[in-house]
Amino acid sequence: MNQSQNTKPAAALVIQGLRKIPLNAAILAPLVALILLFAVSSLASEYFLNTRNISNVLRQVSYTGIIAIGMTFVIIAGGIDLSVGSMVALVGVIVLYVVNAISDPVQAVILAMLAAIVAGSLFGLFNGLMVTRGRIAAFVVTLASMSIFRSLALYFTDAAEVSTRNPIFSNVGGGFFLSIPIPVWVFFGLAIVAHVLLFHTAYGRHVCAVGANPQVARYSGIRVKRIVLSTFVIAGLCVGLSAIMLTSRLNSVSPSDAGYFYELDAIAAVVIGGTALSGGRGTVWGTVIGALILGIINNMLNLTGVSPYLQGLVKGAVILLAVLLQYKRAA
Amino acid sequence: MTFSRLMKTAALTAALTGTAGLASADDYHIGVTVPSADHGWTAGLMWWAQQATDELSEKYPDVSFTVLSANSGTAQVSNVEDLMIRNLDALVILPYNPATLQSVISEAYEEGIYTVVVDRELEIPAQDVFLAGDNPGLGEQAARYIADELGGEGNILVLEGPPIPINSQRVDAFNRVMGEYSGINILASQNTDWNPQQALSVTEDLLGSNPQVDAIWAGDDDVLVAALQAIEENERDDIQLVVGGGGSQRVIEMIRDDHPMVKGTVTYPPNMIASAIALAVHGVKGERLGDMYHGIPSRVILAADLITADNVEAFYEPDAAY
Amino acid sequence: MREPILRLEGIGKAFGPVQVLEDISLSLVPGEVLGILGENGAGKSTLLKIVSGIYTPSAGTIHLDSEALSALDPITARRHGVAMIPQEFNLVSTLRVYENVFLGQELRRGGLLDHGAMRQRTRELLASLEVALDPDLPIERLSVAEKQMVEVARVLVNEARIVILDEPTTVLTDREVAVLFKVVRTLVARGVAVMFISHKLKEVKELCDRLLILRDGQQVELCEVGELSEEDMARKMVGRELSQVYPDKPPAAAHEASPALQVRGLSLKDVLYDIDLEVHRGEVLGLAGLVGAGRTEIAETIMGLRRRDGGALHIDGKAVDIRSPNEAHAHGLAYLSEDRQGKGLQLSFNVMQNITSLSLKRYVRGLIRHAAERRQAEHYQQRLSIKAANLGAPVSKLSGGNQQKVYFSKLLDIEPDILLLDEPTRGIDISAKQQIYQLIRELTEQGKAVIVISSELEEIIGMSDRVLVVREGRIAVELNGDDINEEQIMLYAAGARQHANCERVGT
């Protein structure tokens, strides 16, 4: 039990060190949880710290992580987007169709990537318009569009998987740059951009204001509806990016399966990361940490070979623990 | 390393009911991944995978196993990636959906991992062994049996599975055979997703709109049970025959107990995963099967056997989960 | 004299170092109405919360039914028959009248709700109060006064013996007040003791038997109502002459001749009719009137928060079209809402973020310059003496007065020329009030034009150079000079007197 005793003072030291940095409890708690989880995982499996494993985990995390970053904006502005998982499937189908429709491989891939971003943004715009112009609750709108997007993806493909023989497509999501998988670059790059947008621009401040109290925001001259609309577009755009990474990694898309339950993983990542589901405050870094926590749990369970029946239990328990820890600290 | 050992042992005990604790001498590590148990057949699959790994790791102390399941194709991709980290010698996989898993299975195969693909075939072969049930055979056997029992005449309802290749293989073969019988009339053919709840409501709707039905073919035995419930609740006495597919113990018991409507089903056994694991054990060691003169065959198709009262005892396995 | 049902002995309450209530001693006998007078922040609501068990006193003893208690919790208080009718009603708007009356204490028969009995009992209760109200109506269809009656009925179900009414008349019309008073007298006749909180002197005079006056947490008077004139009450409440609270007004001609903001024929369907007003640089214009007269709507329509149906705006003589708060801000207008927590401040945001929420553009050079935000916040912290331990803490942790100062800073940070201040001192303590009055005067001295909307007559009288009285969506009168007094304002606000066309009265 030596090691478990050693980890405690070490973790305490880390906490102490972090206290000096002006971090708030909302981000500190998930960070502590991540560090603990990391420590436990590296003890539980000798394979965990393997570089290839770390790179695998990061890549596995990046698909839902990218979406969770978009979801962070929606949730901070007081909304929710349940349609992101289905949207991955529909955008994925569009990506594969474009890749297969154009004969020049390079052109095909570039156009497919553009198509994904445009399509994702448009689907997000649809959600956003329904919420702002249609005055329907975001939960209801996206519950409906979740069903619509999935159904369209199944209809266009007759529920069959679509794959491609394009020789370079799989290098996008399956490739490496400086021996780090490309989706991971995209994930962290996006996180930096999103962090700057949320914390360092007037737009980000307005997103928080709208989520905290839309009335106050309106009286302060903020165009509340436009901000809400924009968060859904951001979420859609992130789905577009994720769909490119996912489909190109797999070199195919399964309309029934792609993005399955991504909305729940994304929401879980956002919540673990300390963003209030009621909106008004949150951080991108928290979401990144939340996504990493979820990814490491999955990986650790697979590496240690915990009974497949029990994996859901462990995952759920860790989500509850992370959030509990956070409320304890916030209080 | 006491703490680490403790964690590991606890985890492995939960997973493999203790046998993997002897992992000290394992020369071969075999990873198994299957879709998670979301209906009867996949539950059977999981049961058989656990059963086979328990038995085989006892019998061969130099082999250890890790069994994982995934609730989606992309989750299964992660499963394979994670398994590959653990110095895998062989991979046994029933792919959730083949195209999604294509690239990661190819990666494993190209790394020299002995790969056994079960049930759902990859578009670009990337395996040492492919083992599957006979999907067209399942449809064919069911069709011949129903046609014979009805004397070549009657109205039939078909309860299909989800729109995936193995379902169309079964249904296409069924329709092809039925096409030979001019007296057979297929009233309707509808998707149940192999989900009992959905099957119940679909059957209710179909019975409502078709006053005279002679036989029902359900592509799956769980669907058959749901269809029976719909028939009983609607108090229909026109249906003479309900035929399933898969070979669940529950349906086999009905056949054994002379059920008035359930008199036959066709095997599509979930224990194919167990055989696949056994093949992987021998394949990865470079052994031959019994006295065979060849190595492990690269393609194994299990026959679709018709089960009736005549041969039911041979298929009865009371402990199995399916 | 009858045995007192409630006796307070030396009750005090401190929040940290701040003493909000000190050495309060009183007794209450069945069948009497005790009026409690005091300005906002005098400690009235703290006292109420102590009696109803929400706050624990930090000193003193509470005797309920001759049982001595050093602390009281809400459940014990309710068991002793203490019931409070709050300003904000605790009614479920989607449920029916009788369901609300019995909410939390539903009558059951055989485990199931006995709707019939509850309906019948509610009907009897309302009849005994001589209120004609259908027990089956959903709450959302009731008027404010009717909702209040539902609260009263609820109190009766509890067989309350001490009923606390917290400023019950602020939201009522005169006729509704009369009904309420009749109901209170009915309660008293049954032997209920009533604590009646108000800052309306006339009402206290009319309804109450005895009177407690609080000022800055101190008990300044406890006597029979008949012993004090209204003027005495006012003096004891405020504790100083009005001139001490309000800064001196400049001579009448101090402001510029041409208006900074001119409004002509402003109308809003079914709410405002043909509003004309103008305000000059260097001037405070008071907008007086009853709650619901349309004063807030005038401000919100000018600000573009409501789409006007007619009328024109001129700023410094130029016609402007304002359709959104943004455009209003761009034209030098700024609006302080009466609802500080609901419309004014982001409670979860910190001081800096709130102060810069209108002026954020100025702090952006590509990215927000957080250091510049902090410097500006520190500047306001000093200028308005905002007491905040940490500028990074959410403003929800500040006191009402400090919140209001942050809200003022938020407006000032866009350097507006014309300020529309809606209830600028609502719910804040007397010293913060005085500081805000001082600030308003400083602003007009700097040449800004200020409109003050207030329901506190003293505030209107003390601050305004000129007053417009609003009644039922119309300007009833403009008052100047010596005519700016309580009597004149009330006469026009309540509609006893009316000018055919808005005329200037006075000098």
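A, B and C are the chain letters, set down in written order, and residue numbers restart from 1 in every chain.
In this text, contacts are C-beta pairs under 8 Å (C-beta built on N, C-alpha and C of every residue); 3 or more make two chains touch, one makes a residue touch a chain.
According to UniProt, the chain labels map to these proteins: A = Ribose ABC transporter permease; B = Ribose ABC transporter substrate-binding protein; C = ABC transporter ATP-binding protein.
Just so it is clear, the structure is predicted and the values come from calculations on it, not from any experiment.
Engineer: Using the mean of all protein Cα atoms as the middle point, what chain has its own Cα mean nearest that point?
Structural biologist: A
Engineer: Quick one: point me to the chain whose Cα centre is farthest from that of chain B.
Structural biologist: Computed centres place C farthest from chain B.
Engineer: Let me have the rounded angstrom distance from the C-alpha centre of chain A over to the C-alpha centre of chain B, please.
Structural biologist: 34
Engineer: How many Å are there between the centre of chain A and the centre of chain C, using C-alpha atoms for each centre?
Structural biologist: 46
Engineer: What is the distance in Å between the mean C-alpha positions of chain B and chain C?
Structural biologist: Those two chain centres are 72 Å apart.
Engineer: Can you list the residues of chain C that touch 2 or more other chains?
Structural biologist: As it turns out, chain C has no residue touching two or more other chains.
Engineer: Residues of chain C touching chain A in their complex?
Structural biologist: Contact set of chain C toward chain A: 305, 324-326, 328-329, 335, 337, 342-349, 353, 357-358, 360-361, 364, 367-368, 370, 410.
Engineer: Touching residues of chain A toward chain B in the complex: what are they?
Structural biologist: So the residues of chain A in touch with chain B come to 1-4, 40, 43-47, 50, 52-53, 56, 59-60, 63, 154, 158-163, 170, 174, 246, 249-254, 256-261, 298-299, 302-310.
Engineer: Within the complex, which stretch of chain B touches chain A?
Structural biologist: Per the touch definition, chain B meets chain A at residues 1-4, 7-8, 11-12, 14-16, 20, 36-37, 46, 66-69, 71-75, 77-79, 81-83, 85-87, 96-104, 123, 162-165.
Engineer: Given the complex with chain C, which residues does chain A contribute to the contact?
Structural biologist: The contact residues of chain A facing chain C are 196, 199-202, 205, 208-209, 212-213, 215-221, 223, 280-281.
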